[in-house]
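Next up: the structures, one after another.
In the two assemblies presented below, chain A is common to both, partnered first by chain B and then by chain C.
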Partner chain A sequence: MAVTFAASSRAFAQPARRRRSARRNLTGWAFAGPATALVAGLSLFPAVWAFFISRAKWNGIAPATQVGWANYQRLATDPDMLAAARHTLLLTALFVPASIFLGILLAVALNQKIRLIGFYRTCIFVPYVASAAATGILAGFVFNPQFGAANDVLRHLGIPAQQFLESPSQALYVICLIALWGEVGFTTVIYLAALQDIPRDLVEAARMDGAGKWRVFRHITLPELRPVTVFTAVWQTITAMQLFDLIYTTTRGGPLNSTQTVVYYIYELAFQTQRLGYGAAAAYLLFAVTFLLTLLVIWYGRRRGSEVF
Partner chain B sequence: MRWRLPFSPWHLLLMPLALLFVLPLVQMVLTSFMSSAEINQFPPQLLPTSLHLSGYRALLTETPALRWLFNSVLVSVVSVIGHLILCSTAGYGFARLKFAGRGVAFLVIVATVMIPIQLLMIPTYLMFARIGIVDTLAAAFVPWLASAFGIFLMRQFFLALPVELEEAALIDGCGTWRTFWSIVLPLARPALATLAIFTLLSSWNDLLWPLVAISDDNRFTLQVGLANFQGMRRTEWSQLMAGNVLATAPLIVAFLIAQRKFIATMTFSGLKG
Partner chain C sequence: MRTPRLLAGGVTTALLLSACMGGTQDNGKDAAAGYDPQATVELTWWTGQTEDAEKVAESLAAEYHKLHPNVTIKTSPGAPTTDDLLTKLSAGFTGGSYPDISYAYGNWAGDLGASGKTQDLTSYVADPSFKWEEMPAAARTVATADGKVIGVPALVDNLALLYNKAIFDKAGVAYPTDDWTWDDFRAAAAKLTDPATNTYGTAYSVSGSEDTTWHLWPLLWQNGGQILDGTKPAFNSDAGVKALDTLRAMAVDDKSMYLDQTDEKYHPLFNSGRIGMIISGPWALLEIKEAKLSCGVANMPGVNGDHQTVSGPDLWVLFNHDDVNRAGASRDFIKWLTSAEIDAKWNLAVGNLPLRTSEKDSPEFAAYVKEYPGGQKFFDNLANAKQARPTVPGYEVLSRNVGDAIASVLQGKSSAKDALDAAAKKSADAVEN
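Let's look at the complex of A and B:
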């Protein structure tokens, strides 16, 4: 009797439970579904499609012809691509260490309890809010060879006027400076937050043991900042590898292609000359290299004993 | 006796650096009020002799800059609203609700984090062309309606909330929607503010994607309009600086008003992003 009752109650409960779980699934998907569909539809799907495009010769209008890995093979010997890769890597190699060094320096300075500190913070963070496009246009004015403020400063220092963005040998370095001006606020904010997270007892204990300011910084502060440095290195590497806005509003890759970056080259290939397949292959190559560089930075950080990812 | 500075030595580092960071922006604003004759002289003058509005007047009559400003505002507002609704609901779903396929769906979102826009722009352009929204403002804001970062941010926030409040609401007979809407969302205000600022900064300052997706003059955002205007009129500096002021002033003013909130957003997008 008891057994039959239990069995029949289970038989009753099952549809109800199923109904309840169907309802739960429906509610769950109603919450998470729209955003998931949008994110998947606008990144996962196009990323897969981009791979198929990268194996074709296609101008977007005429039917595509499958060429296998030919686009990738051509990239390896394309002098424009090699030059763009060289410029991008040089920019990254300058930008990443400089933005980390300046970020730490500024964060330590802005962490002091001195007068005007609020004013200093505001000044240093404000360029980060300005768009890269506006920054580029402004830089074109400040570094104008004829009447720009930069040459005026050089004149006061007794240095002859420079061509800056109009010189093939200087333009890339000037762009790196401009990028630092616009992005250093970000690393500074990150380091400032990290500095404020360092346990005060740690610093005080070191002080009690007779460590001077510099030794506290060298042996307590810097090691405590290491995990954050792995993060900022990754982030700034990605930023530098994908630099486009500043190039577009300052030099458009010139003079004499000296500031052509990989992303700018991809933009030109795909949207100026309609070589979609070749452009997609270059984009995949950039993605792969950025990914590998990121892994390299994380691996290096791990080896030095910091686990952030 | 040791000689001492009457002020902290840090000022010697901070004062020149602070000026280096802010003076170009000051010069931008001042130059937008100069006449061309004042601009084209060397050594450059920092202050205009009087308030010349010719730069602004020329910009507004010779280009559809007001239209661009309107487009930028529209794109940013829609993007922010989209993010607030879609990412907070999705974040709550992933943090609190149990449903079939939750793990897979979340994995899909995690997988998209590393994919850069440069890889996506060609297929996305083709896709948008096929559904006929290329060259409309929708093309500019649709990719900004939700993001993996936004979903993460909200999920992290909801995971850190104590679950007891929601349980109490459920026991009192509140449905999932009501609990979310009237109990959870009001608590999430700080996270929503961070999300809004993040979306505003990214969508307002975006150049590459709208540049690719939009070619009609009247549908440019401010960033695209200015970048292209600069390509044609490299020497009209007072107009260019006036345009720059339009393109940067809204965010800079917002930053000056809500500086703490902006800095919290930058920190968050750094440490958790």
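Let's look at the complex of A and C:
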């Protein structure tokens, strides 16, 4: 009896274990499934599809023609794409350092023990919470060449009225300024948190050794902020390269395409003139460049010994 | 084991995706062959209208249902704005759920025709009972894509010269006439311009959109030019350069032209008395009336007595669902909607020009002209719309490139010849297919 039982139990053991492990697997997937389906359906699938579209000439309506890598080849010689890339680079080169510098400056100022500090901190953060669309519409009023507040201020200072967003040579700088106003709250909050994380004993030790305020800042605070700076640099670079809503609500890429960034150009290609294949190719190129830039910054950060990602 | 499965998955995905990007091919059969007018059908109608006009559309659909109880028409605007309809349609084609009838801008006709999802109405409208010839020629051309009639004009309009009488009186300049040349127009614009009061002689949109582009086409045609030669851009001919130089002289040399960086400012500025003359269409009349502006309408200025203008007709495009009864019912509904009797209750009621010449004697037209005094001129000016914008896939791209060229020339950044040549070069491979 016992022998029979043992034999049959051994015979049963294999499928039972398999069933158990299958059930465990199933339980795991039941937890991970919905999120996986969401990511796969809403991110991976469109990304893969966009890659196939990028190798076709397609307007979304008529049948697509496969063109291989022709869309990518054309991008390299497209003067509008080059101009858009130039605008994006200029915007990024202005926006990233400025937002980091202003962020540190404001964070240090807001790290003081003064009255109403909570109120000040809120004030700095509010523009970041406001949507970029609202910021853009508001800025459109402020920088209106005829009736805007900005020109009123200039008039009081005795400076001639400017065209701002309607001048091809000024518009991109004005956009950068508006973007800074909206985004600086974010870097400020990050740096504020980082400042409060700096070990007090380090600062006190430096003081003991006779370091002044500036030397403490230069040799203790700044090095301590480096990991956060790698993070903000990457984050703000991505923000600047993907800036769209602000441009859409202020200049729509004009005047004379002077504020047409890569992202806006992609929008124009794909959704204004229905060149979905070419637009998808441009989007993939932007993805590749952003990805490489991010890797570069992380690699640089790791080499300097600060791991943030 | 793993790699082949992955590969197979990839190939399946690729096949699936390329299937999504394909279109159906026309099988040459009439979509409504053997249609039974008594069959019960439900039609989807995207009107592209908002607010008041949408309400009129819904009441007309209800009226049709009363006359034909077997036909139910689901009426909706289709998209938040008319511009968004094309995106909705293209998504609908991919997902297989598109309407039976949709409003469409005339410049989409080429793309929609190439989708293979439209009905071919060529023989249907040729039937004498449809009275196809009563509609303006330019509108009929726009409804025809690649030799096939894919829809029926829904709205017709044209560009004419609108002028503010008060500004002319103040400057002591004679009102524009129907025989004006562009030199007369330029001279008047210079005289009306007064920097002291921020008054401009005329205005032009330099946003680079279709609004920028299509204002140039009448000038191009008057000079004997063409937009396309076959499938090759031809607007950079001598005629095109001359046309654009006419505008450049006012914008750059005389500074008598207000350059609007958006499409939205020059109408309000005209209505508030800052601009003497604009080139615009009948849609401007409503706001002019609300602004209580004393405004006159004249033909487009001309070249050597040629005063032709451009028309921007919109369409009812009919789609094929491989269901003869739905196809037939949608045709009959559109025939009813665009008939002289019903169109007077539709277009004239919402402030548009009548679709058919036979409506000019209707009481609705008399009421329309009384309410909008410029309406009669715009109606007569339909006869001057002799050519149409090309209905080829890729016109949108061409339009964008020409718009950018015009904007840069009028702002003194490049010469007409260079800008148009560059635009033609950029548009070449977008248009050819």
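Assume the second predicted complex is superposed on the first by the 286 of 309 C-alpha atoms of A that agree within 3 Å, B and C clash if a C-alpha of one lies under 4 Å from a C-alpha of the other, contacts with A are read in each partner's own complex, and residues count from 1 in each chain.
In this section, contacts are C-beta pairs under 8 Å (C-beta built on N, C-alpha and C of every residue); 3 or more make two chains touch, one makes a residue touch a chain.
Being a predicted model, the structure only gives us computed values, none of them experimental.
A.B. asks: What is the contact status of A:296 with respect to chain B (first) and chain C (second): first, second, both, or neither?
C.D. replies: A:296 contacts neither chain B nor chain C.
A.B. asks: Could you say whether A:82 touches chain B, chain C, both of them, or neither, answering first, second, both or neither?
C.D. replies: After superposing on A, A:82 lies clear of both chain B and chain C.
A.B. asks: Check the residue A:93 against both partner chains and state whether it touches chain B (first), chain C (second), both, or neither.
C.D. replies: neither
A.B. asks: State whether chain B or chain C is in contact with more residues of chain A in the superposed arrangement.
C.D. replies: B
A.B. asks: Once chain A of both complexes is superposed, is A:205 in touch with chain B (first), chain C (second), both, or neither?
C.D. replies: neither
A.B. asks: Mind working out whether A:159 is in touch with chain B, chain C, both or neither, as first, second, both or neither?
C.D. replies: neither
A.B. asks: When the two structures are overlaid on chain A, which partner does A:53 contact: first (chain B), second (chain C), both, or neither?
C.D. replies: Both chain B and chain C are touched by A:53.
A.B. asks: For A:252, decide between first (touching chain B), second (touching chain C), both and neither.
C.D. replies: both
A.B. asks: If we overlay the two complexes on their shared chain A, which of chain B and chain C does A:274 touch? Say first, second, both or neither.
C.D. replies: Once the two structures are laid over each other on A, A:274 reaches chain C alone.
A.B. asks: Is there a shared patch on chain A that both chain B and chain C touch, and which residues make it up?
C.D. replies: 49, 53, 60, 252, 271
A.B. asks: In the complex formed with chain B, which residues of chain A make contact?
C.D. replies: 21, 24-36, 38-40, 42-47, 49-50, 53, 60, 105-106, 109-110, 112, 114-116, 119-134, 136-142, 146-149, 151-152, 155, 181, 185-186, 189-190, 193, 228, 231-232, 235, 238, 242, 244-245, 248-249, 252, 263, 266-267, 270-271, 276, 279-280, 283-284, 286-287, 290-291, 294
A.B. asks: For chain C, which residues count as touching chain A in their complex?
C.D. replies: 13-14, 17-18, 20-23, 86-87, 89-91, 93-94, 111-112, 114-116, 206-208, 261-262, 393, 396-397, 400, 404, 407-408, 411, 413, 426, 430
A.B. asks: What residues of chain B sit close enough to touch chain A in their complex?
C.D. replies: Interface residues on the chain B side: 7-8, 10-11, 13-15, 17-22, 24-25, 27-28, 31, 39-44, 86-87, 89-90, 92-94, 97-102, 105, 108-109, 111-112, 114-127, 142-143, 145-148, 150-151, 176-177, 180, 201, 204-205, 207-208, 211-212, 223-224, 226-227, 230-231, 234, 237, 240-241, 243-244, 247-248, 251-252, 255-256, 259, 262-263, 266-267, 270-271, 273.
A.B. asks: Residue numbers of chain A touching chain C in their complex, please.
C.D. replies: Going by the criterion above, the answer is residues 48-49, 52-53, 56, 58-64, 66, 79-80, 166, 168, 251-252, 254-257, 268, 271-275.
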